[in-house]
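Structures are listed in the sections that come next.
Presented sequentially are two complexes of chain A, the first with chain B as partner and the second with chain C.
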Partner chain A sequence: MAPKQSWNFGFKDKKGFVFTLDVLIALVLVVGILFTSSYFINKKIQDPYISLQLMHIGSDFINLLDNQGYFNDINHDKIKSYLDTNLPSQYGMHIQNSGGSCVLDVQTDTLPSNKKIVSGKEFFISNGNFCSLKYEVWLK
Partner chain B sequence: MLAHLKKGQIVELDFFMAIIIFGFILVIIFLAWNTYSEKINTELDHNTDLIKAYHLSDLLSKYPGRPSSWEQNIALVTSNVNAIGLAYSDRIIDDNKLSTFLTLDYDLSKDIMNINSYEYYFKISKMKDGTFDSSLEKGIKIDEENIIAIRRYVIYNGTEAIMEFWLQR
Partner chain C sequence: MNNKGIFFTFGALFLAMLILALSILGTSTLNQANLRLLEAGSFARVYSLDKSLQRVINNLDEGIDILVITNNDTGNSNITLSETLDTNFEAYNTEFLTNIENLASFIESDEEKIKFNLSLINNETEKVPLIIKPHNIKYTHMMKNNENFIVVYFTESIPSLGFDLTLPNSQVASIDWQNDYPGSDVTFYINATGQNGITYSLEEGLSLAEGDVNKFKVGPTFITVKEGYLELDRANTLVQSTFGASLPYLNDMVTVNYPEGLYKINFTETGIFINSTIRVL
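On to the complex of A and B.
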């Protein structure tokens, strides 16, 4: 009488193959969970410094423009010239009105398609009108 | 009898295989746990410092401090000052507040800003040519990799300026 085998990777003898299959499924699940968690942990712990710095640069420059009176009487060329002169060369910026009666659309460079863009919203008064704008900042 | 013995050996082999696989997975989990625990703790510390540095740079560049006229009281009773702010209004630096801050004792300023376990460096420079008439800096500049350096854009003396704030544990 041949011995009853539970060792059965080839499944030649179908008896006991469920145990091997069970082990394989369990292994796939465990390794899958390990890799997924590793991926998300690595993704989660990326340095937030760049995003924070971009956000603050955008907010600071909108405030500078406001404090220097560039929003009192909006002139696109003057705003663009100010940003071209003062914005650090490694950054690009796009400002666009997002509410109120003001018309504003200034862009220092072409919006990149493959880089992180940080955006924010600021409020200001132009010629007695309440307006809001959306800014987008990116690293060139 | 022999067949019975062989059957037992196969079950044993199966058992050892299971133990080896289980041990292998356990070692991987243990190594991953250790690596990520350390990584996460380091990142957590870094992010805490980063947020602290940004909060402090916000406090210095956007707010007048508490009390708002702290620069007049600091020489009399230092315990009355709850927060140091350098702004006359949002991101416009007040000259008197800045002068008082620059002459303030370094450890006292750390105590008021609640960063006793840190070192900091502060500087205001012109945006265009980089300098003002006098040297507007304070603190200890430690040139190391794990320092957090924040740059804020403000107005000082009617002109655009860069306010630098470095923080290190």
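On to the complex of A and C.
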């Protein structure tokens, strides 16, 4: 009777080595998954820092415009000119009225379709009317 | 000898489990950090909204000129609050109070998370109170005998306080001290000027011990000073008044504010709640 063929590819009596190899392959897979997931997690976690910075930039510029009286008598050209001069060149901004009777719509650049846009809301007075605006800021 | 492989296996398995545990821990920590950052974003949005609303309220003219001068060396400050009272209590500061009512109705309709409590600055007995911090002095307008009184409540010791008054022509003939309680707790002053330009001045050290009441008659008006309390009864006369006080340094800069809670912002889904403290100055 012929001895039973075993599928050990010449690793007969080296069961431990095969198990070790198996675990090592699994380990490579786990480490691979770990690195890939940490890459995506890190990519995601970096985003809120940028968002916070964008929000602060937007809020600061609304504050500046309000304190310098640009909203008292709204002139779109003057507001755009102020933003073009003072907003750092790597940022884009869009300001639009969101409530009240004021008309406000100023945009420094075209809204990007593939970039993160951060928005916020603020209140202001224009010619004795109470209004609110929405600002959007993005990195060019 | 033959057990070598199994030891390798368990060793590698242990290493794999260790890496897995560390990766779970790392992921969990990163997720928590991510959540905190998202919370920070929400705080930034609400903070920006709150600051803009404070700016709008600050721009409404409450009809009181406020001046604070601080000595950089000592930190002590002198504060004055000036206004012209030419109406009764009912009609006092109508323009400002109407403006803030309009603002409140606009804000509440535009942003449902914000609710105003205007009764804090306009109710049946009191209008437009201002709180001077960190000394917790309350400068307010009270209805007494259907008149509009300026009343100042104070808890901290104030070295010097008083009024500068400008009254209609010929109404100031003298400053009469009605009671006699001399002391040195506080330096109290009155400068009263008729529109003819003649000024009468008084500066006295007063006792503000419990039960002591110091009363002065200046033309048609009456001033009462007692423990923790100063009151100007203008007797329905057109009076231009400036309340002044010397404030000792209390480890913080002097600010003038509306009462806390004039509006509240409540974003329940993010757990952010703001009980407003609006600075006038």
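Here, the second predicted complex is superposed on the first by the 93 of 140 C-alpha atoms of A that agree within 3 Å, B and C clash if a C-alpha of one lies under 4 Å from a C-alpha of the other, contacts with A are read in each partner's own complex, and residues count from 1 in each chain.
Heads up, the rule we're going with is that contacts are C-beta pairs under 8 Å (C-beta built on N, C-alpha and C of every residue); 3 or more make two chains touch, one makes a residue touch a chain.
Please read all numbers here as calculations on a predicted model, not as lab measurements.
Contacts of A:52 after superposition: both chain B and chain C are touched. In the superposition on chain A, A:24 makes contact with chain C only, not with chain B.
Of the two partner chains placed by the overlay, chain B and chain C both lie in contact with A:34. In the superposed model, A:63 makes contact with both chain B and chain C. Touching more residues of chain A than its counterpart among chain B and chain C is C.
In the superposed pair of complexes, A:140 makes contact with neither chain B nor chain C. In the superposition on chain A, contact of A:76 is made with neither chain B nor chain C.
By the touch criterion defined above, A:116 reaches neither chain B nor chain C. Residues 19, 23, 27, 30, 34, 38, 41, 45, 48-49, 52, 56, 63, 67 of chain A touch chain B in one complex and chain C in the other. Residue ranges on chain B touching chain A, taken from their complex, read 3, 6-7, 10-11, 13-14, 18, 21, 25, 28-29, 32, 36, 39-40, 43, 46-47, 50, 54, 57, 90-92, 127-128, 148, 150-155, 160. Within the complex, the chain C residues that touch chain A are 2-9, 12-13, 15-16, 19-20, 23, 26-27, 30-31, 33-34, 37-38, 40-41, 44-45, 48-49, 51-53, 55-56, 59, 102-103, 106-107, 110-111.
Those residues of chain A that touch chain C in the complex are listed here as 13-20, 23-24, 26-27, 30-31, 34, 37-38, 41-42, 44-45, 48-49, 51-52, 55-56, 58-59, 62-63, 66-67, 98-100, 120-125, 130, 132. Only residues 1-7, 19, 23, 27, 30, 34, 38, 41, 45, 47-49, 52-53, 56-57, 60-61, 63-64, 67-68, 86 of chain A touch chain B when the two sit together in their complex.
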